[in-house]
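See below for the structure under consideration.
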């Protein structure tokens, strides 16, 4: 068994990694650490993780984390770099924060107030790249991997095939996505109270203000082989988990509408987690909850001259914890899909 | 008191009209009719309408409806024309169905399987029209009014000011909207079961397939004074009421981003129901539930070159029943806002 | 118009009082005060109260509140006494806190850590009292009234008729109630986050630990004319508003099961807000949301020898703000039901 | 691998069995059959079961089911007997319907309109029986097992230890339980629409009218060794999955309140799925969703003289499909917990 530590285990991302580790045939749960929650029973923080209920959270420190083959970091943004720098090079470090996702220091400093820490191999294995390669190839054997943000995962996988194939134009991409509240974490903010959230939809970070925009554009730019501009509006939906991303882009002039579906079909035919649904069937977030799946559908709106792609993921599984395990599998040379749920929990 | 009849009172739209009539100082509830539910107690159909619990639903017929000063039709699409034709001309008939909304017979026949019945004055009083007028002017004293669809209400009011002022371009409008489930009515369909809906977001009618697209384009075309093309994707959200519409369009070349907000401010400064929120505050559907309000916000995404407008309405109030009362007020020469709730029920 | 001030207007109770005042034909909104939120726009706190959006919250102080004919206190428990003592005697003070609800100082000190402030006339007008009177009689013309807690309202009205009539036994009452999350207020506690609440039911204050137990027993004791013991378990339900109280008590030996329904029918036949539903129809919280109604049903479980009464109320309306207005109406000699909504907002 | 067939796979119970079979290391999914949905893709019925999306539902028939080592029946009540009678004796048949749960023909005919089919070994392994045995002992090697109803599972496990130990009295048990909507199945009934369910709590089958009452009393009677009478009120909660059962009974005269907790602790110390939470921590349904766990807590209400036990289960997992797998494991001599999830999916 491979011993895995989870730093920042008291948050939703950390809890999801633990849930998935418990079901994984090759990993065993090692150190489980937290900041202000250190010293508490895990059962008091994540009562759904019944088998770990009596474990006590350690302080997050290099000493506690050292000695594991894999360390998952699920820390607040800006906290990973210092810790990662002190972990031995041979340890596989999988960072669920934003710290190492962006190559552009300028993009980083626009949205974050800590110094740019650099970029690690980006953990979205299925991402088609311009020229025909996949992001996966950059992850095998890596010792440091940056797990994508939840929105960028659903959105990039939705649009990348069309950009890589030149089916859609890179200059006018519009995305509106709805996320469950766990995407906002456990912060005690009034607008995240159940009383405020239930029965309500609301947007936030409108007008280019969301931190995930440069990450989405970076991914789509790698797929297109040229710069991509995205108008991205995230919204908060009255559900605990799930992201539904509605992504539209102009159909490239001269592109054959009838062959659009083929582009996505071919892009994901061999992928274990990305599923283009049968024609006419649209994704529902409920169907992917708890799984590492991406459900996708694509249609051409001939009237508006746009391609519409909708993806559904679980923001905590494929959007965070599942991707982290998938990256660790790749880094360690295991089957990429090992131990990851392929079925959702519905209804 | 003005006697008002409601035909099709067993559906959600009919129930909402009754709720608002009960609170209106000038209307009294006359005949209340239904199709297959005729003969049942209203309390068995709409238990929230406590004061009407013991009323029994009549059969929908000209005989029952005649003799009222106002008749509200809340019938399935395609059923209003035959009935309306038999009602005396002097009766104010307010149709909540789609039958008389579209001027273009071609647009109608693309989406509906009944013959095109024609077009009545369109009941969206606040709609700014090209040239400076308002749709309101066409409604004073009208005896027949077509109440807008719920999506077109939220979307048209969000975008029309910018199109009327030339601030945004008419050629590439992209709208993604989320609706509560009451927008889909009371039809017994598996995907509308609570077990399926709760915790889930899903799109439908994607790729130009939604019936409301031509109505939205008709409204926006009237505002712009030239044809408008819209990519519209509706989604179903896990909440009973409310529509959040995220509407984006390209900022017109040469338009001053700094003056964009002014356009919407001026457009709605005098409107009792349409509220541009303070800068930086975004609408939430919860805040307008049960009210006839529209909450709006606008922002310029300089990076993407787009204006983003988000509106929130209650699909059953401003989106249907409230608009119907508002139209009746106008037709009868009453204060347009009379009896209509200006506060939402939250949290 | 009667000027009414609301102290503690930033909480859910205060917001609800304001919502109802806006719809009341005789009250106008005077001072609106808060503690830590003083200085903020009301629109930032209660965006659903659109007509009051630009009002700024004052500091809660005697100076600001003085000069109103009615002052509603919606303060944290323990804060009303000091303030009320400084308000002129002729001002009608309606307290939504717990401070003046309990006659027994011992009961108070078991559950609260401030000194017992005494007891004011208890604002549950419909409560049947032993001997045939109603609580209403004690409220006409009162200058100080204590508004009941939300659970005690739904539970006391459900059980009191049977106790007053001797139909059910006072010694073994068992109540399990489910409340929407607004009943827990706006406190920023982890278990009240939307992510935690949605899709989940959980109990709290089990085993006699809930503060509302002595208040329920006080009310039921007044109805029965002798001490009543209640086992009360409150649960938190995934909805923002509403209380469903399932109340059971042993059928008194010798009581005629066939006449049980009559007892409740007679008790509430003349009440404007308490509605015994037709036989076999059970209350749903959705049907009373936003209204001042109580929906009730009663059945005899012959097998278990128990009477089961279920009531549904909106915890913020009849459970708090609506009751406060109803009490003010009574104190001022207005029609008790004036300005109070008799229809729910559903679906 | 052991081939397992699922009859009635289109319902929620059938879907859950399939979900769990996919994760089980010893079972493989054989025939998957339905009634009116036969011929459809499983992906159209249960889109969350991604790996089975392209399987087509067969007609439910003996021919199709024969040749499997295990057959799970998830049929409407009354349909299992005829089918089971035709399956070879050596086939393990696990019935999720009510048909074979009740020993008393009289109890059966009070609640069901088909003839009493008899009783099979009852599949609640953890149930403590009077005299010290467990129900488990009656299941090892059985070829026919009746899976308990969802309510009886949560309620029986909550109360049985106290009855078996004589800590609580059998004569006055009161239970109020809240269930997610999947417990009502996929029937297209108006009150199960999302619009009706969201934001609402409501009771049903009040006054002894619920079919699960005799099953609960049968189980508790076996634990107590004498007849138990239960007042049971089920309520519908706005969530797709989960049951929270609040169960109370009189503390036996002379019983020591301080030792009450010990009784439950000892009863379940060795059980893999039943977890008595740490003192003062109460169950939440969210924590057990998707798992086969039962979370329990017990408290003494000294004031009311009652013991209160609250249990949380997932009605589809431990309440149906998980129990079915657990029974199959036992029947086949596998580890009882094999392949069953011990962690919930939360938040």
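By letter and in written order, the chains are A, B, C and D; residue numbering begins at 1 in each of them.
Just so we're on the same page, a contact is a pair of C-beta atoms (placed from the backbone, for glycine too) under 8 Å apart; a residue touches a chain by one contact, two chains touch by 3 or more.
These figures come from a predicted structure and were not determined experimentally.
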Equivalent interface to A-B (more than half of contact pairs same by residue no.) among A-D, A-C or C-D is C-D
Check: interface with higher C-beta contact count, B-D vs B-C, is B-C
Between the Cα centroids of subunit B and subunit C the separation in whole angstrom comes to 35
Rounded to the nearest Å, the gap separating the Cα centres of subunit B and subunit D is 45
Within subunit A, the set of residues that touch 2 or more other chains is 12, 180-182, 195-196, 198-199, 238-241, 284, 286-287, 289, 347
Among line, ring, star, complete and other, the chain touch graph is complete
Subunit A partner, complex, touching residues on subunit B are 172, 174, 176, 178, 180, 195-196, 198-204, 206-208, 213, 229-231, 233, 235, 237-242, 244, 246, 248, 250, 282-287, 289, 297, 299-306, 308, 310, 312, 347
So, in the complex, the side of subunit A touching subunit D is made of residues 12, 15, 19, 22-23, 41, 43-44, 46-51, 53, 181-182, 198-199, 240-241, 275, 277-278, 281, 284, 286-291, 293, 295, 341-347
Within the complex, subunit B is touched by subunit D residues 12, 180-182, 184, 186, 188-190, 192-199, 238-240
